[in-house]
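Chain lettering (A, B, C and D) follows the sequence in which the chains are written, and residue indices restart at 1 in each chain.
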Amino acid sequence: MTVMRTVELEGHIIDSGAMGRCFGVVMDLGGEFEVEEFDVGRHKHAETYCRMRVSAESADDLRAILHELNQNGATVADPRDATLEAAPDEQVVPAEFYSTTNHPTFVRVDGSWVEVSDPEMDCALVVDRTEDDPVVRTKVLNAIEKGDLVVTGETGIRVEPPERPRNGGSSFGFMQGGVSSERPSASLIEEIADEMRAVRDEDGTVLVVCGPAIVHSGGRDALAELVREGYVDALSAGNGFAVHDLERNLYGTSLGVDTESLEHPRKGHKHHIYTISEIGRVGGIEAAVEAEIVDGGVMYQCIRNDVPYVLAGSIRDDGPLPDTITDAIEAQDAIREQAREADLVLMLSTLLHSVAVGNCLPSTTKTVCVDINPATVTQLLDRGSAQAIGMVTDIGTFVPMLADELLEAHR
Amino acid sequence: MTVMRTVELEGHIIDSGAMGRCFGVVMDLGGEFEVEEFDVGRHKHAETYCRMRVSAESADDLRAILHELNQNGATVADPRDATLEAAPDEQVVPAEFYSTTNHPTFVRVDGSWVEVSDPEMDCALVVDRTEDDPVVRTKVLNAIEKGDLVVTGETGIRVEPPERPRNGGSSFGFMQGGVSSERPSASLIEEIADEMRAVRDEDGTVLVVCGPAIVHSGGRDALAELVREGYVDALSAGNGFAVHDLERNLYGTSLGVDTESLEHPRKGHKHHIYTISEIGRVGGIEAAVEAEIVDGGVMYQCIRNDVPYVLAGSIRDDGPLPDTITDAIEAQDAIREQAREADLVLMLSTLLHSVAVGNCLPSTTKTVCVDINPATVTQLLDRGSAQAIGMVTDIGTFVPMLADELLEAHR
Amino acid sequence: MTVMRTVELEGHIIDSGAMGRCFGVVMDLGGEFEVEEFDVGRHKHAETYCRMRVSAESADDLRAILHELNQNGATVADPRDATLEAAPDEQVVPAEFYSTTNHPTFVRVDGSWVEVSDPEMDCALVVDRTEDDPVVRTKVLNAIEKGDLVVTGETGIRVEPPERPRNGGSSFGFMQGGVSSERPSASLIEEIADEMRAVRDEDGTVLVVCGPAIVHSGGRDALAELVREGYVDALSAGNGFAVHDLERNLYGTSLGVDTESLEHPRKGHKHHIYTISEIGRVGGIEAAVEAEIVDGGVMYQCIRNDVPYVLAGSIRDDGPLPDTITDAIEAQDAIREQAREADLVLMLSTLLHSVAVGNCLPSTTKTVCVDINPATVTQLLDRGSAQAIGMVTDIGTFVPMLADELLEAHR
Amino acid sequence: MTVMRTVELEGHIIDSGAMGRCFGVVMDLGGEFEVEEFDVGRHKHAETYCRMRVSAESADDLRAILHELNQNGATVADPRDATLEAAPDEQVVPAEFYSTTNHPTFVRVDGSWVEVSDPEMDCALVVDRTEDDPVVRTKVLNAIEKGDLVVTGETGIRVEPPERPRNGGSSFGFMQGGVSSERPSASLIEEIADEMRAVRDEDGTVLVVCGPAIVHSGGRDALAELVREGYVDALSAGNGFAVHDLERNLYGTSLGVDTESLEHPRKGHKHHIYTISEIGRVGGIEAAVEAEIVDGGVMYQCIRNDVPYVLAGSIRDDGPLPDTITDAIEAQDAIREQAREADLVLMLSTLLHSVAVGNCLPSTTKTVCVDINPATVTQLLDRGSAQAIGMVTDIGTFVPMLADELLEAHR
């Protein structure tokens, strides 16, 4: 039994790849397509329109094809309202719930297309009718409440995958799957600085995601300066980053030997645990700053300059610090709030925390990923940000050079 | 002002490296040593004894040197009892508490050397006098209770770092810092199988730490078989491993296309979320097995064969499953319990979970680390297990070949 | 001054990406395009045709755009003969010579399209009129002879980049930029075995490119068996692979200790040098086989079964063996000959030698890249083979499992 | 049949590890040892002396043990002259020739210990009696001439492995097996600059080994400046580095787009081939500088400032340039000459060329290895330099920061 459905695509769908991917999806999943209308964009600024009939050998196959087409920007042609079904229980979604992408998404409710607020991947879509106009929100599975009106199926949903920008030249690459080690490092750092200045000029929010390597490799002082000078609006990290930063403040020199220049692997690990116990003793980082136990570094500047931070716990943590959120769901919620606020996210030398933040980001948020490991940068860029810069470099030279670039004018 | 103290070492300290490391520690930290007595082990089975006087220019410097010497097996010569101090508050240790290694450790209490139960690194040592004989336990910082008698300083503590085994030939390397990619894979797998058989024959406990790559790369069926046949006594993993294993059971084939042979990156990610919602709907993995929703795979075999498992949460999780412990401290405690029971730990393709488990292990537990990334294997071996095999291989060929090796006899 | 030119594309150009890339090229390089005709392929088997006018602000800019369009399959519309210019000297090409891709290429000579024999990237195209019909060949720069008729400019050249195959299901991915670690290893090995059988059935040529890791990790015996059983038609390697293979034969056991099971880093390196001197003493590998100094292993089976091999030298070699070609250009020529003959190339655990072979391959040759390092596999796949399988696995388990798969029937 | 021999060790053999390694060697290879005399160094500056009798069950086993002991600094106690045997043919060594380490080595000839000139690993030792006093030289196998007096066996040979320096604080680590990513990058760069200044002040020779990443990542201009200002005395690289450097000079900007800021993967690869053909047309780099075709960059500064360079060929080269030495043995000889002259070697972002240079270096030459890939740095450090700094960083930020550090004073 052949079943079929008509879908439409519109936009810069050829050079953005959506059209090719949609043809590919149908062929990969064993279906057939028949283009009914195709109106090519004849020049750079003209959009292309395609209407095609997709057929498959079973309703199940067709549903799977439509799901993938939808996620690549094709919309079921016949405009009907999305199907809504009430959640049967707390944290339980209806069986055929629509699972989201992180692209801008619209849901047809009562005959109108409603834009989904806070797009986030792998969520359910919940329609809220308690207000004057219906509102559609993303909700992660564990946040579903009994009775939530959840969107199911593929009807009445429109996804807008990112398009190739018409004017090139931006350093934020379009859906670049890999990462370049072929760009001059200094000029990339300039472009990132320009972007940070631009966000600051528009009162936007720069979220910095920090790994412990920033401290080890010598980027800490420069980062603290950036926080102090107002280039960082929020900070997201794990317990380890904060401990290393505080440890450098508490035990930065010892035995008359400057720890900046002499390294003892394992030796001195005791200071890590001692730092946790010292901060724990006074009740947390803010208390330690107030008690003047801590008088410098990144966390210090966050406290002094009211830059909010989230420290998320993990099963690998020592301690942890009193400030660390040990429950993963609670920590995710805190991260999600940061992610939604952010206009520009700098992911600095932490795969783990960056993945957590990246999971919550819409594809439209600008992202900069910096790591010495190319696999980390590739993995972060692959999560589908439409505007991302990946840079494989040493965080210990990157942060000082970035700070120089940004703070030079002041000096 | 020069201060000094006398320390002693005994054992196979030359070829195990302890003697050289102790000389190095003194020089690195700016001290001086004077060997007072040195009785070399004249042949393979004879132990070496060294007594030396260590001096430094301040009490602080000397304390730091003694701490490092202690961790490398040197004991302060003059046998006095360890210093004990009561913990001032919940989760707060006395200021100069002794921070542990993961080696066998003895504490001198009331004139006798008491062996520390459950050695674990980066813990405090707590003396419990409530029983007939004093007991010394490791406690992580967050488990410290007000009034706990905590060991401080370096006096009255003896650490026994691992020694080079006298008879070679074991595949479990002695403190091997790196990892070999120069060993024939098949013969290494045989040796691991031998070790698993030996542990089983002695009713020991094999703990398997599992990463999701086991499922992707095709090792899942073989691992499930090993669980079914009783070669796995406990399983430790993250939420992701369990979801992937269950997803393979629920959605292993779809659209008439065998997912074993055709891959769709991102496509089909929906099944991941759907699996979580299906398991959540019935209330957990055990319920899903009972309801016959799940009828195969690793988690299924764990349920059916009463193999206990710990699923630990992280901020990168989807869902999570109802079985996943989302609080990091609670999850660490569950992992710690598993780690203490284990006689042999197989760390299979998961850096993150393996580090968490490794943090809780004494240096005497045999460990096998398998990963396709040499950096992961090196990092895990570096944590100081005295008896570890590192193997850089494909988990998708490793598990089937290991199962073949172990189950062959049955066939 | 605006200059313009009309180009045409034809084929499955939307889902193969050529159309999108061509639009992108024009925009990236600052040009404009105007689609004059666009005839979309309405279903899976229908081809798309596009004619567009491309304009730029200078002749230089237009030339650069046309070069890139040409390499992506667009042909200058107005069919004129290619421009030919005589090489001014040995190894010297005319200034604006056309630099090749590795795709099937056609050159218009005397009004007819002549297919280029042995497409290879980064070569010049030389038209040979000494025969009845003109012949067009690729020539590397160092092979250019004075007076060679070299193609210059972009006119009269047609490139056919690979197209997405219409029937899916082949394990040879279409231009896959990355590599999958998500495929079950065992099923991928089956597919590779199937392909090898298919090539053998058609009397095709399987070229195996070998790295020394095959020997270290225990894949040597299985590879020797594949050579003996006729599954390998040619072998390409460096000096190191051959030395390791021969060393295993000459010094495989020593001191009563089986080197299969006990490893001594650095220790035993002497055997490496000794092997070279022993083979050198008799004058080469073939002589060593005849003198029965060597009686097993991969090189032995090559000699015994008349499987031709190329051993290429490098500045990192010990020795080298008398068989090793130490001149890079001479070695490249030998490799090129092997590459042109091959129907299927297996690149086994050697980035360096594989890149050298890959440089000489047309994009239509099927390629299998196996390495434990994902970056190696990605880099090899990126060279633009239209039909490639990349597999991140342990060569020490891969070769034995592949041999099992292929030789099973015999047993 | 038990055979035995007495060996001696002297020096800082405990903390340098030689003593422990020697005990280990005997046990690993199935022998027994009996310490006859042991005189421990009682303080930091006192040396330890050990005499021990080593026994094995066969002459072959004993020979293998003695070989390994010798390479770790133990000398056969009974001082006899080394055994010499004439080479039977060109490039053919006597059967039991002594294969060298890269440590300082002494050979007993006519009753006197003669220091080996130019220690290099994996060579034969050849005694030259044509001069007044006997001279002992290292020779690679392919340089052996018929009749050369080659040292065989283990008698009369003394090796001095590196010792742990008595005064710490140098940034050049002692035999560090791994690499630190825990050192602040800026302070490491300062230390490297200090070392370069020190070598320059003593009229020493700095050899820089260069990979193409220097050009891609933006370190080229700074390196060219260092050459111009006299901080580089010799340069070693492959064909690729030179081509990329020259290409940047010839085609640095094109189409009005600064290549410093916009990247086109593959696009523009044509410039690579064009650069080779342009340089080839005039006959080489020096000619291109004289003809003012090339007027900047690293190779330009080498020509202008008489800094000698070696460009070695490989089978992966395009072209190559006329300056490139395509024969591997000839290229090795040129590299060997550079290596022997060098007081300090900087290995910048090239594993391949660095291994070739490192193969020729004595263990006493100071070495700095810089690469973004930790595995590369580890592999280079593992080759046994006694004084090496490894740094995992971005060459595109490293070279500019190093140049700033060195050239600042001038500005």
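Operating definition for what follows: a residue touches a chain if its C-beta (ideal position, glycine included) is under 8 Å from a C-beta of that chain, and two chains touch if they have at least 3 such contacts.
Chain labels with UniProt names: A, B, C, D = Ornithine cyclodeaminase.
Bear in mind that the values here come from a model prediction, so they are computed numbers and not experimental data.
Novice: Looking at C-alpha means, what's the farthest chain from chain D?
Specialist: Chain centre farthest from chain D's centre: A.
Novice: Once you find the CA centre of chain A and the CA centre of chain B, what distance in Å lies between them?
Specialist: About 33 Å separates the centre of chain A from that of chain B.
Novice: List the centre-to-centre spacing of chain B and chain D in whole Å, with centres computed as mean CA coordinates.
Specialist: 38
Novice: Averaging only over C-alpha atoms, locate the centres of chain B and chain C and give their separation in whole Å.
Specialist: 45
Novice: Touching at least two other chains at once: which residues of chain D meet that condition?
Specialist: Where chain D meets two or more other chains at a single residue, that happens at 28, 168.
Novice: Looking at which chains touch, is this a line, ring, star, complete or other?
Specialist: Per interface graph, the chains form a complete graph.
Novice: For the complex, give me every residue of chain C touching chain B.
Specialist: 168-169, 171, 180-187, 191, 213, 216-218, 260-263, 265, 372, 392-394, 396-398, 400-401
Novice: Help me check something: in the complex, which residues belonging to chain D touch chain C?
Specialist: So the residues of chain D touching chain C come out as 25, 28-30, 60-61, 64, 67-68, 88-89, 91-93, 95, 97, 99, 122, 140-142, 254-257, 264, 267, 269-270, 272-274, 276-277, 280-281, 312-320, 326-329, 331-332, 335, 352-353, 355-356, 359.
Novice: Residues of chain C touching chain A in their complex?
Specialist: Those in contact with chain A are residues 14-17, 19-21, 23-24, 26-28, 32-35, 38, 40-44, 50, 164, 166, 168, 177-178, 374-375.
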